[in-house]
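Multiple structures follow.
What follows is a pair of complexes built around chain A, which joins chain B in one and chain C in the other.
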Partner chain A sequence: MLANQIGYYSLILGLLFSFLLCGVSIKDFNNINKRVNQNVFTLLFLQLIFVVVSFLSLILTFVNSDFSNETVFNNSHTTKPLFYKIAGTWGNHEGSLLLWLLVLTLFIFLFLVNSREQPKKYRILTLLFQQLIIIGFFLFVLTTSNPFNYLYPTPTEGLGLNPILQDPALAIHPPLLYLGYVGSSIIFSASLAAVTQNYISKEWGQHIKKWILISWIFLTIGIMLGSIWAYYELGWGGFWFWDPVENVSLMPWLTLTALLHCILVLERRTALTSWVVILSITTFTLSMCGTFLVRSGILNSVHTFANDPARGIFILIFLFILIFLSLGIFFLFHKENKKDLNNFFWLSKETSIMVNNWFMMYFLSVVLIGTVYPIFLDVISSEKISVGPPFYHKLIVPFLVPFLLFMALGPKLQWIKSKIEKKKSLIIFFIISVVLTFFILKNITTDFLYYTILISAAFFLFFTTLKELFLKKFINVSQVIAHFGFSLFILAILFNSILSSEIITNIKVGEKYNFNKSEIFLKKIEEKKESNFNSIIGHFRITDEKGKVVELKPEIRIYNQPEIITSEADIKTTLLEDKFLVMNIVKGDEYFNIRYQIKPFMLWIWVSVLLLSLGGLISLFKKKYEK
Partner chain B sequence: MYGKKVKLRFLFLVLILLSVILSVYLILHSLKDNVVYFQSPSEIKSLVELDKKKIRVGGMVKEQSISINSNEIIFVITDFKNEINVTYSGAVPNLFEEGKGVVAEGFLKDRNYFLATKIMAKHDENYMPPEVKDAIGDK
Partner chain C sequence: MKNKYKAIIFFLFFIFCFVVLYKGLDNPNTYTPNIKVEKNIPLFTAKDFNSNNYINSDKIFEENKYYIVNIWASWCVPCIKEHPLLMELSTNQSIKIIGLNYRDNLNNAKKFIDKFGNPYNQILIDSDGVLAVEFGAYGVPETLIIDKNKKIIKKFVGPINEEIVQEIKSIIK
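Then we have the complex of A and B:
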């Protein structure tokens, strides 16, 4: 009760402080004093504290199962384990927005504290733009999705959290994703502030690069966790489904990756300034669009949860204001500097970075059109369609070949002007890659040529980066690790998709199912009672063609509140492959529907994404920039 | 005539323009081949011509209609006006139950018979795919 009130009033106070901050900082803007007024810091810190208090009190109401709070009533239950009571705080719409707000205020505070060597006017303007976004979110939370709505009479029991969200990976997936999304808001505000101050320069590039890296790392890991969750919890036996909700998180990632590469040029010399600003605006807009599309229920997705259209309209209006404002500022204030060197010599690192950007923009437009087209068609002709994975595979996979080759060769070029040198090692690596691929794929009949070309290109990047890693005494180590991670990623995905096999069947207790020299045997069914669910555990014995025996115990959980059945896959992970088994009740309890999959190199997909992020992390802590 | 720089820049612009046109064409072209249309049982009944392409059918799983044997699951999708028989051999999602909404992807054999290759899951017991909601009207 009390916590509920405190949470609500601190939110309102937080909003008031936003206005106060705007006033004080505008006054400070014209002050001759070179340093930002101490009052601004105090106010900003207090605002942060209010939001933290509000967030903590929401957590407290969740922990206490205070059902006089509507959000708690809708998303929690007394029998839920403590960990999921806490995680449930951001597992719903209202709480997740409060988390957005918390990260927004935290980041701008960190920004202001960590930018003391930057010009004062630029810092204050960044603060103002960020406060604009923060005010928007405060209003959004308070008007359409207040997490502290009061319920009377107080219900005795809550409705419970959707069981598929009761999962460790999903408990930390939204916060990490939000750190990435919200990090892009700082980039957005900072680039607008820099445009108005005509401060898009080398110095600005070096300073904003940190924020780009931070958001990029969080976004990468956030997306990966979501995908790990989808892999073992949804039981579809894959990790990426080109589902609209996944796509909207991938789009800002693509622009952020493009921005990350562009900034390497900008931090060395004043070039590509307009492009950097456009990318910054796009990244944040796409993050907001993502929130809008997911929250408004417009997206037709198998991921979609029940939601409310009124919220969608608010975000849409807010989004339009931000887009028009930012474009207006861009066209009014941005002047291409005469010193800008936008003409690059054709053979240089700059050009290769431009090539990277072209590819990113192409991938972005594919994903964007695939995601948005069904919505447009529905609005225009009310025809319902969906765009499936073949669309994305057809348009993206072939382009990976030149992309991988550029990724291997681009970093070898010099800045400004490079010469074609004879590199024996590159040619040797290329031949090794092709020959190796040929021998690995010899026995695969389908699409032999297609896969040979693709995998050769991936191996080529793999070997060239591997050599750099060992021979070059850690020059550009962040880039090398990230590119190496990417080659591993592509290799793992390709081999995974070629070599995966799957058996789906319906089976009874005591029955054996035989397929190409392997056998699946359902020994028995065990029933267990937990506090918030009953589980049915199948004991399976699987003998593969080499006579190796694996015991797998997939589980079916029947949650009591809300009454939902979920399947928990059992996965045996080894270095080389995952054995994945999931079962399901169809009707009654006689037959169980099972899906057994052998998925090679699954572990390496996750490892490679971690390597990618590690590359970013090293770059973040490295003093020197790209040679 | 023009200097070398202007020529180079012109060439560059033409190249960019060409690649943009090419990629837009490519995207739109593959979009045409790869979209999956959604239809309700009633819409299928009134089809003049049977489509050979993959489609999605959505509605409610009819009560008492699921039957299962060791290699397939047979059930009926209804929109309370018309219904269609579905045969499916594959993994079913958790919330596949009689009297609940369902979306099946696959191929039409005739107006009464659908061979499903995939059945969609939904994550929330209160959530109904918008198509299904439209398909069954106000029920």
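Then we have the complex of A and C:
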């Protein structure tokens, strides 16, 4: 009760502080004093404290199962374990927006504290732009999605958290993703501030790089966790479904990746400025656009939380205010530096970074069109269509070949200008890759030529980066690790999709099912009671063709609140493959429907994404530039 | 000068986007299929191909039976390729095949059935394609398996092949 009130009023105070901050910083803007007024820091700190208090009170109401709070009533239940009560705080629409606000205020505070060597006007303008976003979110939370709505009479029991959201990976997936999204808001505000101050330069590039890296790392890991969750929990044995909401998180990642590469040029000399500004704006706009698409219910997907049109309209208007504001600022203030025309020598690192940009833009447009085209078509011609995986695969996969080759060759070029040298090792690697792929694929696949080309390209990148890693004594180690991670990622995905196999059958207790020299045996069924669900656990023994025995225990969970049945897959992960088993009830029958999959190299998909992020992390702590 | 035009074009483009998205909010995209599997089959009424009467989905799908829903059209070339396999499946007594004739000309569809045979226990007409989207289809042909609890348990995008037929048989065993 009390926590609820405190939370609500802290939010309102936080909003008031936003207005105060704007007033104080505008006044400070024209002050000749070279340092930012201390009051700004104090106000900003207090604003952060209020949002933290508000967030903590929401957690507290969740922990206490205070059902006089509407959000808690809708998303929690007394029998839920403490961990999921806490995680439930941001597992719903209202709470997750409060988390957005929290990260927004936290990041701008950190930004202001950590940018003392930057020009004062630039810092204050960044703060103002960021406050604009913060005010927008405050108003959004308070008017359309208040997490502290009061319910009377107080219900005795809550409705429960959607069971598919009760998963450890999902408890940390949204916060990490938000750190990535919101980190991009700092980049957005900072680049707008820098454009108005005509400060897009080498110095600015060096300063903003760490924010780009931070958002990029969080976004990468956040997306990966979501994908791990889908793999374990949705029980369909895939890790990426091209679901609109997954796409929506991928789009800012693509622009952020392009931005990360542009900034490598900008931190050395003032070039590619338009690219940097536009990418900074686009990244945040796409994050916001993602929030709009997910939260407004304009798209249907596993993630759709609420279908309240008022919310949709609010975010839509807010989003377009930001778009028009940033476009206006860009066209009014941005001047391309005349002496630094983007005419790079054709064989240089700069050119290869431009090539990377264009690839990223291509991938982005494919994903963007696939995601929003159905909405446009529906509005314009009321035709309903849905875009599925084949669309993305057809348009993206072939372009991976040149992309991978460029990724292997680009970093080898010199900045400014390089000469064509005879690189014996590259040619040797290329031949090795092709031959190796040929022998690996000879007996397995039907689509031989297609996969040979693809996998050769991935192997080529793999070998060249591997050589760099061992022979070059850690020059550009972050780049090498990240690119190596990417080659591993593509290899793992390709081999995974070629070599995966699947068996679907019905089986009852004591029965054996045989297939290509392997055997699945259902030993027994065990029933268990937990506080928030009952479970049926199948004890399976699987003998594979080499006589190896694995025990797998997939589970069917019947949650009490809300009453939902979920299938928990059991997965045995080894270095080379995952054995994935999931079962379902066949009603009115003693049989269980089981799906057994062998998925090679699954572990390496996650490892490679971690390597990618590790590359970013090293770059964050490294003092030297890219050579 | 050039910049000014660029700015105007961008503004117009984004205004267009705004209008479309705003309108999109008004008619929620209820027909966008969910990728999540094992969803219930949708409730619908559809025209029967032979009798031209409207039938309710409750009447079509009974419990404790396996069904295959095959989305096809006479203009769809891969459908011709998978047709013999459907004919083969239709000899299996433990399964019923429901055809969903997707955005087709009725005469052409009839000719198609006359020429290649009729594997379907029942054919429904989906002249505007809405029904297919209700089922979560990506395109034609597409084959869905519905289990005894009236849930879609599996879906195959594109024409079915010998392997898929084997898989279907193992499911309905």
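Rule of thumb we're sticking to: the second predicted complex is superposed on the first by the 618 of 627 C-alpha atoms of A that agree within 3 Å, B and C clash if a C-alpha of one lies under 4 Å from a C-alpha of the other, contacts with A are read in each partner's own complex, and residues count from 1 in each chain.
The working rule: contacts are C-beta pairs under 8 Å (C-beta built on N, C-alpha and C of every residue); 3 or more make two chains touch, one makes a residue touch a chain.
Computed from a prediction, not measured in an experiment: that's the story for all the values here.
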TODO: Report clash or fit for the pair chain B and chain C bound to chain A in the combined superposed model.
DONE: clash
TODO: Check whether A:566 is in contact with chain B, with chain C, with both or with neither, and answer first, second, both or neither.
DONE: first
TODO: Considering only touches as defined above, state whether A:506 meets chain B (first), chain C (second), both or neither.
DONE: both
Open item on the list: By the touch definition at the top of the document, which applies to A:390: first (chain B), second (chain C), both, or neither?
Closed with: both
Open item on the list: Which partner chains sit in contact with A:593 here, chain B, chain C, both or neither? Use first/second/both/neither.
Closed with: both
Open item on the list: Tell me the contact category for A:243 with respect to chain B and chain C: first, second, both or neither.
Closed with: second
Open item on the list: Looking at A:538 after the superposition, I want to know if it touches chain B, chain C, both of them or none. Which is it: first, second, both, neither?
Closed with: neither
Task: First (chain B), second (chain C), both or neither touched by A:584 - done: both
Task: Partner chain in contact with A:136 - chain B first, chain C second, else both or neither - done: neither
Open item on the list: By the touch definition at the top of the document, which applies to A:362: first (chain B), second (chain C), both, or neither?
Closed with: first
Task: On chain A, positions contacted by chain B and by chain C - done: 234, 236, 297, 300, 302, 374, 383-388, 390, 504-506, 584, 586-587, 593
TODO: Show which residues of chain A lie in contact with chain C when the two form their complex.
DONE: 234, 236, 241-243, 292, 296-302, 307, 309, 312-313, 316, 320, 323-324, 327, 331, 374-376, 378-380, 382-390, 503-506, 584, 586-589, 593
Task: Complex interface listing, chain C residues touching chain A - done: 3-4, 6-7, 10-11, 14, 17-18, 20-38, 64, 129-130, 133, 136-139, 147-149, 153-154, 157-158, 167, 170-171, 173
Task: chain A partner contacts - residues on chain B that touch it in the complex - done: 5, 9, 19, 23-24, 26-28, 30-31, 33-38, 56, 66-73, 89-96, 98, 120-127, 129-131, 134
- [ ] Would you tell me which residues of chain A are touching chain B in their complex?
- [x] 162, 164, 234-237, 297, 300, 302-306, 343, 358, 362, 365-366, 369-370, 373-374, 383-388, 390-391, 394-395, 504-508, 511, 513, 562-567, 582, 584, 586-587, 590-591, 593-595
